[in-house]
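One chain, chain A, appears in both complexes that follow, with chain B as partner in the first and chain C in the second.
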Partner chain A sequence: MDQNRKPRSILETLGEELVRIITPVSICMLLVVILVTVLNTHSEGSSIGPSFTTIATIAYSESSSDSIWDKLKGALLNSLVFVAVITVVTFLLVLLFYFRCTKFLKYYMGFSSFLVLGFMGGEIALFLIRDFGFPVDCVTFVIILFNFTVVGVFAVFMSKMAIFVTQAYLVVIGMLVAYWFTLLPEWTTWVLLVAMALYDLAAVLLPGGPLKLLVELAISRDEDIPALVYEARPVINSDSSPTGDVLQRRVWTERRNTGSALDENSDARPNFNPNTSPVTNSNTTPGTYLSVGSGENEINLVNAEEGQVFRGDSELAAPLIQHRINVRMNSEEDASPSENFALEGIGLGSSGAIKLGLGDFIFYSVLVGRAAMYDFMTVYACYLAIIAGLGATLILLAFCRKALPALPVSIMLGCKSMPSLPPGMAKTWPKPELKLGHTGPNCKDLRPA
Partner chain B sequence: MAGRVEWPTIDGPLGLSHQDSVAYARRFFNFGFLCLPFLWAVNCFYFWPVLRHPNSHQSHPEIRRYVVGSAIGFLVFAVILSSWSLTFMIGGNRLFGQVWDKLVMYNVADRYGLTGLF
Partner chain C sequence: MTVAAGIGYTLLALGPSLSLFIAVIAKKPFLILTLLSSTLVWLISLIVLSGLWRAFLPFKTASLWPYALIILTSVAFQEALRPLFWRIYKRLEDMLDAVADRVSKPRLFITDKMQIALAGGMGHGVAHAVFFCLSLLTPSFGPGTYYMEKCSQMSFFLVSAIIALAFVTIHTLSMVIAFNGYAEGNKVDQYIVPVIHLIAAMLTLINLAHGGCIISIPLLYGMAVVTLGHCGKMVWTKLAENRSRQGSSY
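For the complex of A and B:
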């Protein structure tokens, strides 16, 4: 079969990779916005607020009668507690990873997905059913929920499930946790977002930061972090793979040593970049980080599985994307004791496919979900800000080639694009124009008298 | 060999190899018996190329057996569940009487306080 050697430009392939990561982020945000609008308008007065105690509100429970200063203090206290818990959990993860308790981490990941999908998903489904009066019976409901949850655990747990199913479930998990976070009191949410962004910055860039340690550990061991990471489908260069062989998801790596590179050994990967460091596997470390690595973890497994399917070395001359950024997923502690998500972060898998931590999904969606409680122009502005931040982070990643946090830029831009008023008063004031170069009409003119 | 299925999974070259596919198909099929018809549906989705090409019963006999079994199982289960569910929804109080109010989900949720868990 003659190979159609139509070279694809870097712009095409890079653009497609970006679209493949921006689409699920957008879908997650859209779903959270829909959930927030639907569930909040239906239960206008009866909020879940009052008896809502979780780790994030353990220090202070906001009530509408407090003064602004009290609310701010309380929110800061809450966020401090939350960030402290996250830090402890992350260090615990680093420790577990250091002692190679990978199985335990994987089981924990499966268990936390089960909790999120089963309990949170079930509860949100119940809210919807109750609000719409959907006359489903409990037998059907239980069966459907059970199926949904168990298949979700399989999708997250097993490394070789249908890519679409795994991606869909990760987006759903992100959406559920994000919706849960939007139920927190207002001030706590905003301060928490900023606090998490700062924590991310610290954890990934500071020398003693847990995420940095995790990355370095994984890199030094050349292992995968068994974490909840969304990996976009890699762009396959069809003329770069030998026919009939199973493609590793690392097609996008440049072959440096064509000679002995095709080892049947599980360590040999087509994407051999001697400069890159392996990506660490971190189950549940909060924080985002991008690390450049030759991420072989998955490939190791894949190689071991598929054994000797490699053929032609020279055909795998795929360009580019040298940087593997590992995305860490964010892990959060919430009411259910075992929410163990991976770190947040943006990264490129060793296959060149972009990996984004689930924590990023969650916090972006929380910001947009909160904005949805005001009105839709705010949502739009925040959405654009977040996507711009995401793009900027990716560009920065391409330049820096090391672990970078993915939260700070987006969160800061998103918060900036909120109306600069105390929360709660936003509805009664005219909205400022969008700050992103959007030349639409000033919202003031459209408001009813 | 026209019609020979190149890749057994829907992910194509990113998916499983031929050897692993059999193990996975069998595992999905067996687990589906634990009241998990959705797993059967995922099985069919994952091995869609095998299901699609009628020639695959020559090239992938084992996989095809499991996938076709999954498809049949899922269809049967879906028919049973949807008929029960639709009868429940449409019949309502008139058909079931008192029992309907006991079985409908929002009443069950209120009775056990399920929406106040978190």
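For the complex of A and C:
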């Protein structure tokens, strides 16, 4: 090693994958919070989103004059309907995947991204233009929107785009869907979040769960699940074999022996032996949303499937590898999927990237966006709770080595941290009577410390 | 008043932390995780404290002692968490060294350890700033401002931003001093940190008097400078003796 340079300490690379997944999640949440605060304060007087009918409000449409019990019942009903629809659609997905209609699924993914970026993005852009009074004419707007959408579809759909563009578009898609979810009525949103967390838990861990079936199918066939999945940039991008698939595949590093998988450590070998490394821990949560086109009553069923693929390492929870199924470069190993563990080293940067399904992005951001409607402190607390939940899930994964759902822990922590804040903060500061503009003072109560 | 002012106040409180973050912490993912977790722990400690004190609030009296009591208990609670931090850190350090050995990389340098302490302290400081300053700044993004009658020279937002900056400095550096004290068994370092924290917190009580902020803010900054000086001296001597011990340049 270079004598003049200080040797790189372990601190510089530990935990890198975790940070690479926390960053886009944080960015998505930040964008949703900004959107929520900007759009909601500006249209405080006027009715904000359309009182739209989605699948999530089809059973009961909340109005502020109902009693709490009615609201709760209505919200429960809504969530049940929503979860039921999602379950049905997931089973449909499993069926299609089973019959190898992969092309159809991929085209559908592209189509759904087109809808999200084009229509939802367009509507939000229209809100922004209306609120801020940007001078832009229709033709320009349509052209720009169309270009933006088409690039997004290609980014998600085809694999030859720069990673950064793909990641950016995935974050934007997550943000748009999350924003639309925050427009749901209040009780429905909360109960829906909890219901989705429970559904995720059930679908992944129960033996008959659709996601479990999907994962097992994917593993046994050695294929990718066609889904909208965020893939973090790998630590070291080496030897990724060019494939024509939708999501980048990482060719995997060396094999380990099964028995010593747990205490094997990373290599000192400079080159990687690619071999088959199937998805060992993955879990997909399809999220479905239906939206009504503005004005009309057509319901577009968009299926944004979410998946989360994990791989735990024994050393510290930090280095988590992601497995992707990929092309067999060496045919020497014929190990069964469950035996092939990819090796990962801290610091020596064997590649590995964490994948997080887009639905997780969406529901985290919905929680934080909803919190943003109350107070900034709740946003902060919820954000920390969600990140802590995400970290805890990953650590749990490193120990369990099974498919784990990403939603429950974070959502539960986030929901728990919500009510603890506003009444908890000490009220010793006198409330200012001044009303500052129309941003609504939240010069609440705080401690003089 | 206006977005520019709001951003200005935010940067006033968090500017130095931001530059420290970008320069030191952002490059090392482990430090980012340390920062996030220490922020979380601070938040939880505040929630616990507010849960405890909820029954007694709001105070009806105008006298000082209930506030002093709150501050005393809060500081005591948070300082009690620090040795806990230290113990967790020790275990973490062992794990990190084991991992480093396994991947045949050098063990933690002394600067690494101090950086971990810095990140932890900064987590506390940022959490403090967000809670006690940023949460109040939302109205300042709009077209108006607000003055307190007890401190009428500066706007309320400016006062809270300045006070938050002092506290961020104190928190960030206290952790470094405290960890060094625990590592070397130096009683002075170990005890000076809670004392500084307590004094700084008590100084804010002066704000309750009319025109008190004129006195308390310079004093607070005095405390921050004292912390800064002490920390700097300690780090300098530690690095110097390390260097002389190793005989190489770091």
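The rule is simple: the second predicted complex is superposed on the first by the 293 of 449 C-alpha atoms of A that agree within 3 Å, B and C clash if a C-alpha of one lies under 4 Å from a C-alpha of the other, contacts with A are read in each partner's own complex, and residues count from 1 in each chain.
Going forward, contacts are C-beta pairs under 8 Å (C-beta built on N, C-alpha and C of every residue); 3 or more make two chains touch, one makes a residue touch a chain.
Here the structure is a predicted model, which means the values were calculated and not measured.
Peer 1: Touching A:Ser159 in the superposition: chain B (first), chain C (second), both, neither?
Peer 2: neither
Peer 1: Answer with first, second, both or neither: which of chain B and chain C does A:Ser220 touch in the superposed model?
Peer 2: So A:Ser220 meets neither chain B nor chain C here.
Peer 1: Identify the partner contact of A:Tyr380: answer first if only chain B is touched, second if only chain C is, both if each is, neither if none is.
Peer 2: A:Tyr380 sits against chain C, while chain B stays out of touch.
Peer 1: Looking at the overlay, what does A:Trp180 touch: chain B (first), chain C (second), both, or neither?
Peer 2: In the superposition, A:Trp180 contacts chain B only.
Peer 1: Tell me the contact category for A:Ala388 with respect to chain B and chain C: first, second, both or neither.
Peer 2: second
Peer 1: With the two structures laid over each other on chain A, which partner does A:Glu123 touch: chain B (first), chain C (second), both, or neither?
Peer 2: first
Peer 1: What residues on chain A does chain C touch that chain B touches too?
Peer 2: In chain A, no position sits in both the chain B and chain C interfaces.
Peer 1: Help me check something: in the complex, which residues belonging to chain B touch chain A?
Peer 2: 6, 9-17, 20, 24, 35-39, 42, 45-46, 81, 84-85, 88-89, 92, 103-106, 108-110, 114-118
Peer 1: Quick check: in the complex, which residue numbers of chain C touch chain A?
Peer 2: Against chain A, chain C makes touches at 27-33, 36-37, 39-40, 43, 47, 50-51, 53-54, 57-59, 67, 70-71, 74, 95-96, 99-100, 102-109, 112, 115-116, 130-132, 134-136, 138-146, 156, 201, 204-205, 207-208, 250.
Peer 1: In their shared complex, at which residues does chain A touch chain B?
Peer 2: Against chain B, the touching part of chain A is residues 51-52, 54, 119-120, 122-123, 126-127, 129-130, 133-141, 143, 146-148, 150-151, 154, 160-165, 180, 233-234, 236, 241, 244-247, 249, 305-306, 309, 335-336.
Peer 1: Within the complex, which stretch of chain A touches chain C?
Peer 2: Per the touch definition, chain A meets chain C at residues 6-16, 18-20, 22, 265-266, 268, 315-316, 318, 345-348, 375-377, 380-381, 384-385, 387-388, 391, 417, 420-421, 423-428, 432, 434, 436-444, 446-449.
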